[in-house]
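Following: one structure in structure tokens, then a few remarks.
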Amino acid sequence: MLELRKDIFADERDDNLKEIGKGTQRQDMLGHVTGTSTYFDDHKLQGMLHLKVVRSVHSHARLRRIETTEAEQSQGVRRIIRGADVPRNLNTLLSLINFGKDDEPSLAVDKVRYKGEPIVAVVADSPREASEAMAKVRIEYEPLPTVFDVEDALKPGAPVVNETYPKNTFTYYEKYDHQKLRFGDVERGLAQADHVLEQRYQMSPIEHAPTETNGSIAAPDTNGRYTVYTSTQALFFSVDTCAKILDVPSNTFHFIGGTVGGGFGGKVDTITEPLCILAAMLTGRPVRYVLGREEEMQYGPPRGAERIYITDGVMRDGRIVARKVRAYFDSGAYTRLSSYAAVKCAAHLPGPYTIPNVYGDVYCVFTNRTPATAMRGFGVTAMDFAIECQMDKLAHIVGMDPMEFRILNAYRDGDMKAHRREAKNTALIECVQVAAEKAKWPLRDEFKRASSRQGGGGARAVVPAATREAHAPTVAAAQQRTVYDRAPATAPSREPPPPPPPRPQAPSHGAARFSSVFGTRRR
Amino acid sequence: MSKTALQFRHNGRDVAIFVDGGTNLLVALRELIGDMTPKFGCGQGGCGACSVLIDGELHLACLTLAETVAGRSIETLDGIKQGPNLHPLQRAFADNFAAQCGYCTPGMLMAAKALLDRNPQPSRAEVIEAISGNICRCTGYEPIINAVLAAASSRARA
Amino acid sequence: MARHRGRGIASINYPIGMNLGGDPSQALVHSNPSGKFTVSLSSIDLGQGMKSVTRQICAETLGVPVEDVYVDTADSDTGPHCMGSFASRGTHRVGNAVMAAAKEARGVMMEAAAEELEVNAADLETDGRGNIHVKGAPHRSISTKDVAIAAQFKQGKTISGRGIFLVPLSDVDPETGEMSPATCYAHACLVAEVEVDDETGDVAMIRMDSAYELGRALNPRLVEQQLVGGAWMGISHALYETTEPYYPVSSHGPRDFVEYLMPGPGDICPHDIAVLERPAADGPFGAKGPGEMCANPVLPAVANAIFNAVGVRIDKLPITPEKVLRAIKAQGGARPQPRR
Amino acid sequence: MPITVKTFGSAGEAASALSSDRAARYLGGGTLVMRALNEGDISISTIVRANDHALRRIDAAGPRVTIGAGVTFAKILAERDLAFLHAPARSIGGPAVRNMGTVGGNLFAPNPYGDFTVALLALDATVTVQGGFGARNVPIEEFLQSRDRQAGSLVISISCQKPTNSEAFRYRKITRIRPKGGSVITLAAYVPLSSGRLLDARLALGSMAPMPIRARAAERALEGRPLDASSISAAASAITEGTSPVDDALGSAWYRREIAGVHLRRLLSGQE
């Protein structure tokens, strides 16, 4: 059930609209319910060939020899494609916007860096004949040491996954092995906190699992061009990526897509189009390259794993005074889009809260697993999981209601965010209030009265003068510290009695709320 | 490669094709008949996107050897419209916004039709069971369940 | 044995659009001689409703009924450049581009109508039903069809418009991370209720209550699709999904939809949603974008609800029954927290 | 090599064709063989079929039931005399898979599939196999132990004794996903009471070993005792003895061992 709360923020809106705001039927619904919506694979072309790729069986290995003679003679085979046949066999997706170095071949040549990496493409009259030829491709591997853990990958002596980035981390601004966020003096904030909570969070890789797998059909068109039907989520990214890899002008291609059977981020990488077009160029025939379901699950790019460490400092009255984050994005063997996820993640810190001291180091790390890519909530989903679990634990430690704890710390209009931009158009407090109302979760009046539009700005609008790198802190003697992998203590006997409920934090008090952080006053 | 001649009824029409050994019904329908309504989602029997009715029973076209349907009657989404009019299930899916990317929709509709054809007034639990072999990644299933129930009650009223 | 219920919450915000290389999208709008409009895009509809929401934006801006607009997506020969359908940028970026294109087309349409009605274009308004009339004098009216015919065959005008929306690249300060990562943010808070079986670690979803703030719900039915489906994906991420069940060990990856776990239609729960609209200054009609953020609050809300139910914190996703059971055993049994 | 489809009128001919060709596989409902072909399994180049009515026959009127190997799960669900097998039949796939998958094919389905076979194992079914030289009856446990070597033979039918009442046979498939999910563990219990005591109780487990197995230690814990909290608890403690579960995408070996006893106790004591 969906309820529109038009009463909230009504003064900021002009609702005098005719078509906007109506629950108009989808333009594509009739096509969907009649099965006539046309997806990339719904094109039947005369004499279509089928492309399949031979994938690495090792996670990391040198390729000593690739023997395709027998496969070339296999029945129904039109062409075997090897790395040397790819005009520019090294690319990175975001090179189109000048971000990152080319680090990934279309077909591996001298080394494979993840299990399932494409080595040879087989183009045959039928999928069966392609499978038979694949079995005749002989590849000699020399297995190399592997690394699968993001923190192991950063240790000295770890196997180098991708020689483009010999330290196993993406390089930011040509000088750093991570993306930084620095706001205030996090060590000082932590030192002065009544409680410090250090925790570790992890998200495993996740598959987009669209019901339509990745794929494309490429066909020679009239006048030397190629028509490409594709499941891409980003048409011009795909056009320009193919133009670069195949070293032809982008108007060589006529890409047609736009009706896609689910994507969720998994169809940005342009993984089938370059080889599919190349096969069409080399054979002069229409070619279809569609991932099977197991291929999609295992070798289609996933939402990458993340490991996140958060250290928070909180005062007994519930104010968070410092948040320090170290996060690792598991990019797999190549960059794809994880490099950008780290930037987006850093900008997201410390979540939708106003915290005077924030510190973030976000790494994009290479390991010997399937390269990761974007997925719904990219760069943020796992961090939100970590931050919001952390918020629940902090509320528990200080004995506050978790809803009220969030309202207390929520960012408001006029506050300075950690990436040094003013918060505007905020609405976290109202979301908490309405969700509480829906769930019949009692909030005290002062929290019901709070507003995103009041209490921000003032002292909260200031970029802290001191931006410091982390340094050894002097810890307050009475501080409670809770460390990794242990549930936070809940009012144990040695701890002082839980604080009284926070005084009504009238929004107008906001400007003074952080006074104790920089002083020595302790309640 | 030797081909096998095959005749069957496709949405009420007799059709004849030649298939290679081992061809599955999904390939036969899409590539030889030209009926693109059943979709390839996995080829493993796990997603239901290729669901069709064979003699009124729900089957997965990708796991059906084409030549086993000789002489039988195949119904796909392409055949369920009633003349120019949408089938009540198609209308209900539209009214309930039960499709987003639309890729699972043909299979979902066939699974739902298989249910309503033999159980015109199903319970919510029966609807859930009926679509349980069909994966939808977009909708969270709730609108689909509501659509099938709505189609059943609209038929009851009609 | 016992099954314990618990509730947990999470609140989040989400940036709209990407910031890297700049974030442009273009749109073209043109009328045919019958006054019917086509929007040409290279943007992608992968189920989120791109075609439908840009259609409404175009109709509203032109002042014509939605039926008079058709959106054609993703043809590289006819559709102008778009970065793509990701980063919650569709409604906001593409929507703005369509709005700009529709404004330009509307300008020509109003000029053409003014010429036919022999008035000043500034004195005209659209009625949203396919007519243009003099403000305050509805009888001095002309249909958009007649305007289009006149423009094409009499006046020699193209009723068309070009639109681009570009959020320029914001440099990132390497030392501090100072940047403008997004122009606006959507918000949400979600309460999840779960039931945990303390002998098996199974977690069942009981219900969800949520509030999402999205700038403006341009089409509430499409928003509902995103929020309901997205919350389902959130449950899926929280409790079920991974390609590496023993991460960072990379073995035992799923190969099919039986091994790749996602909640089935029998695992879903009621979800009561409120939508708030605080319009974004630069959003089309104030809209932000619900597509991605809808899943995010569910994961931590579920984790927090599990803690409330049985007193264990599971900090590794997905929260499988095994992880819950191991944690319950490690603490010597379920420790239900105060009900809330 | 292209695929050849050979269709025979009798099971005997099909069995001969099957045993004479290493690259031949028998096509039942298609859920295993067609999937393999779709996934590019080139070890199969001959598909053998049989249009023998015997394969689709159900004989369920008497105390001993015989089910043709080609009988689908949907057919079992439509047969009132097979009510004791409805729970296991319903636990297979979704409706489409139940319309296609067969009892005979299920005997060959690897983990996490093959749940119907767990029920048949608890019922101590007999598998009738047609080899190149005629039919023979094989106890299901023996059949399963030599399953990998049975590829060249054709299962004709399965038979078992009907449980005397509905309480005497219980089945539960534990899944992560509802209503259709792969087995984390599958339990089947034949627990007939004679004068209030369990006689010849049989417990079978799926996903606790490479193929369905009997839980003999737990069976011994029940034997001769009433079905009460004490015997159930004893059986639950012994349920993992002799099992060898593995880690897979649905659950770890540890988890399976932990919950097997819990679910056995719930099954035997009638709890959800």
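We just call them A, B, C and D in the order they show up, numbering each chain from 1.
We take it that a contact is a pair of C-beta atoms (placed from the backbone, for glycine too) under 8 Å apart; a residue touches a chain by one contact, two chains touch by 3 or more.
Given the structure is predicted, the values throughout are model-derived calculations rather than measurements.
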Of A-C and C-D, pair with higher C-beta contact tally: A-C
Centroid distance [mean C-alpha coordinates] between chain D and chain C, Å: 46
Centroid distance [mean C-alpha coordinates] between chain C and chain A, Å: 17
Mean-CA-position distance for chain B and chain A (Å): 35
CA centroid of chain B to CA centroid of chain D, Å: 29
Where chain B touches two or more other chains, by residue: 20, 22, 42-44, 46-47, 97, 100-103, 128-129, 131-132, 135, 137-138
Set of chain C residues in contact with two or more other chains: 46-47, 49, 221-222, 224, 228, 230, 233, 245, 253-254, 256-258, 260, 262, 264-266, 271
Sites on chain A at which at least two other chains make contact: 25-26, 28, 128, 209-210, 259-264, 292-294
Chain contact topology (line, ring, star, complete or other): complete
Residues of chain D defined as touching chain B within the complex: 2-5, 7, 27, 29-31, 34-35, 37-39, 47, 49, 74, 93-97, 99-100, 179-180
Chain D residues within the chain A interface of the complex: 1-3, 37-42
Residues of chain C touching chain B in the complex: 46-49, 221-222, 224-225, 228-233, 256-258, 262, 264-266, 268, 271
Residue ranges of chain B touching chain C (in the complex, touch as defined): 42, 44, 46-47, 97, 100-103, 127-129, 131-132, 135, 137-145
Sites on chain B touched by chain D in the complex: 1-2, 4, 20-22, 24, 43-45, 48, 51, 57-60, 62-65, 67-68, 111, 114-115, 128-134
